[in-house]
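Two complexes come next, and they have one chain in common, chain A, joined by chain B in the first and chain C in the second.
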Partner chain A sequence: MANAMVALANTTVGTSATVTFGSIPATYRDLRIIIRVGGTTSTGSGITFNSDTNYSANYSRVVMTGNGTSASSFTNSGAGNPAANHDAGALRTDGQLIIDILDYSATDKHKTFLSRQDAAGNETTALAGRWASTSAITSIMLANDSGGGLSSGTTISLYGIVSA
Partner chain B sequence: MPGLIPWGIWAAAGAGGSTAGSYELISTSLVTGSSVASVTFSSNAAWANYKHLQIRCAAVETAGGGIDSMIMRFNGDNAANYAWHGLSGINSTASSTSGATSSTPYIAFINGDGAANLRFSPIVIDILDFASTSKTKTSRSLSGSLGAVDKGVTLKSTLWNSTAAITSIVLSGASGNLDVGSRFSLYGLRG
Partner chain C sequence: MAITLISTVTVGAGGAASIDFTSIPGTYTDLMIALSARNASVGATDVYAQFNGVTTSTYSMRRLYGEGSGSGISDAVSTPSATGFRIGRSVSSGATASTFSNCLIYLPNYAGSTAKSGSSDQVDETNATVATQLITACLWSGTSAITQVTLKQLDGNNFAQYSSASLYGIQKGSSGGVTVA
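Let's turn to the complex of A and B:
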């Protein structure tokens, strides 16, 4: 039987830069992104689908975090905090981020994703997010949550997961 | 500077997916036509190839709205032979919940807004050592519900207090049917 998880791309950020995976075909059912943070600057991670930057209207998320002392939860959606709506998890020193995007090419549902983020010196986090669009995802841009570049040394791997 | 990475480069890197591997698709169930009370995966000869199972879902319930729970039972056992724990964030509240000697093992959040609202829940479940006859069966999951009103994310673990090998898996909503468009895929991980 064929391997169901296929490595699609790997990249390491040299000089601080955003990363865009473009022309993603509908070959797979789900996508997985694995990020190991480089550098020493802590930021949020902005994820943008199909160049849709209307974060206030089209992106929302819920975040649960434990920092060693307490657990907390919060949401972002609507115009209240548009810069954070598309944040897929913090990018911290010694941090890691694994994002699963379900049914990314379906046209009968909004796109939802799960994210697990950990930074040994700071926190561990689980996040669920939604992009309110029925368009198939054909591109993913990763940046910090201000739209700036990812830290030098950050490694990003993209996988496709097949399904009948 | 990575910039734009086009698909052609990935393909050229050998991303074929045609070779056998350690993580393989077993089957997919898609709810079509009308909603259903449950989705069942029943074992076949292929299951013998695997050590662990994973279920990936984009699913929604027909219930009256909000965050609901999905239940996962094994081998047709509807008795109080399960236990579960959850660590959840719902809107601005983090909490932990549990059930002991339970007949309703809650394995995930599922949105109850119905398919028409397009807000299918993302759910990933791992079932470990499913064929062992010397261990009770443990599962874990990460899931979310991003409804029109309430939003939640949860980490859950369940115990099925049986040493029988798992030969069937039944997924259902706690309060409603699984609505049209819901997708459930079962994968096997070789040991």
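Let's turn to the complex of A and C:
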């Protein structure tokens, strides 16, 4: 594990803004994004690959969540709720989001990602998402679930996971 | 590289009441702990973390888990307690020999001056009727940099021999020509 993880980029959101990682090389096996939420506003997150905003056609997810008293599971896909289709997990005050994007540079498969969202004051969530494209991921835009900016003070780090 | 093994503790013969990491430097961005745990006495129990020796009611959590049958269950320590940073469970001493629970804990921004959040994923499978998978959100309201992590069992019993924990430092950075806009 000692040589398995490479720091690729990081940023701290100054004023509310979206964040885009670009020119991502295809030299790693997987990608990991760590988001530590700043500010006091809770929103959903939105993840967009390679500027593909056709959320109703190309993004879907299944979610399992617990809020401390009850557990639930649901899906989002298709045109019914396109804003939610690309939601990678809630962004809560005092919370964090860890997103693993598997085989991101493969050109023979759709892309899947696993995310874990945690906020002790709200809920814990596991999410599996799919981007229906065989293109290698070269850019990732992170926003709130309305396409707006992330809260000031939010820190985001991108890592590459090396294959054996 | 972005990940560094800081320390590994393996419990010796006779067990140990706690697993401790001390003098943790503030030079990393995040911390990660990989825990393998078995209870030295009867009964599986929760494992919790305390930081910097603080034993006051400053820890809370919400979690979601399944035990091999039925629907998922969610519970919480929503009123902060001294044992509220519950990261997972240990395996009972009566479980199948040589089985341990596995737990991965992630602590972002551990050296910052705000409250510390944590995320954990834990599983145990002992070739028995009950197996457990948990995901947990934790919070410590302390605003000091974390320099010490203590892992204990909720029932107060020892960790069994061969229980182990490894502490990793995760360091952010920039490489490979990736741009940020």
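The rule is short, and it goes like this: the second predicted complex is superposed on the first by the 161 of 164 C-alpha atoms of A that agree within 3 Å, B and C clash if a C-alpha of one lies under 4 Å from a C-alpha of the other, contacts with A are read in each partner's own complex, and residues count from 1 in each chain.
Convention: contacts are C-beta pairs under 8 Å (C-beta built on N, C-alpha and C of every residue); 3 or more make two chains touch, one makes a residue touch a chain.
All values derive from a computational prediction rather than experimental measurement.
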Fit or clash between chain C and chain B when superposed on chain A: clash
Quick check on the superposed pair: does A:Ile34 touch chain B, chain C, both, or neither? Answer first, second, both or neither. second
Identify the partner contact of A:Ala164: answer first if only chain B is touched, second if only chain C is, both if each is, neither if none is. first
After superposing on the shared chain, does chain C or chain B touch more chain A residues? B
Go through the superposed model and pick first if A:Val19 touches only chain B, second if only chain C, both, or neither. both
According to the stated criteria, A:Phe113 is in contact with first (chain B), second (chain C), both, or neither; which is it? first
After superposition on the shared chain, which partner residues are touched by A:Arg130: those of chain B (first), chain C (second), both, or neither? first
Overlap of chain B and chain C contacts on chain A, residues 1-9, 11, 19-25, 64-66, 71, 73, 116, 126, 158, 160
Residue positions on chain B within touch of chain A in the complex are 1-10, 13, 15-25, 27-28, 46, 49, 56-58, 60, 87-94, 115, 118-124, 142-146, 151-155, 181, 183, 185, 187
Residue numbers of chain A touching chain C in their complex, please. 1-11, 19-25, 27, 34, 36, 64-71, 73, 94-96, 98, 116, 118-126, 155, 157-160
Considering only the defined contacts, which chain A positions touch chain B in the complex? 1-9, 11-15, 17-25, 29-30, 60-66, 71-75, 77, 100-103, 106, 108-110, 112-114, 116, 126-130, 132, 134, 156, 158, 160-164
Show which residues of chain C lie in contact with chain A when the two form their complex. 1-5, 29-30, 60-65, 71-76, 78, 106, 108-109, 114-115, 117-119, 121, 135-139, 168, 170-181
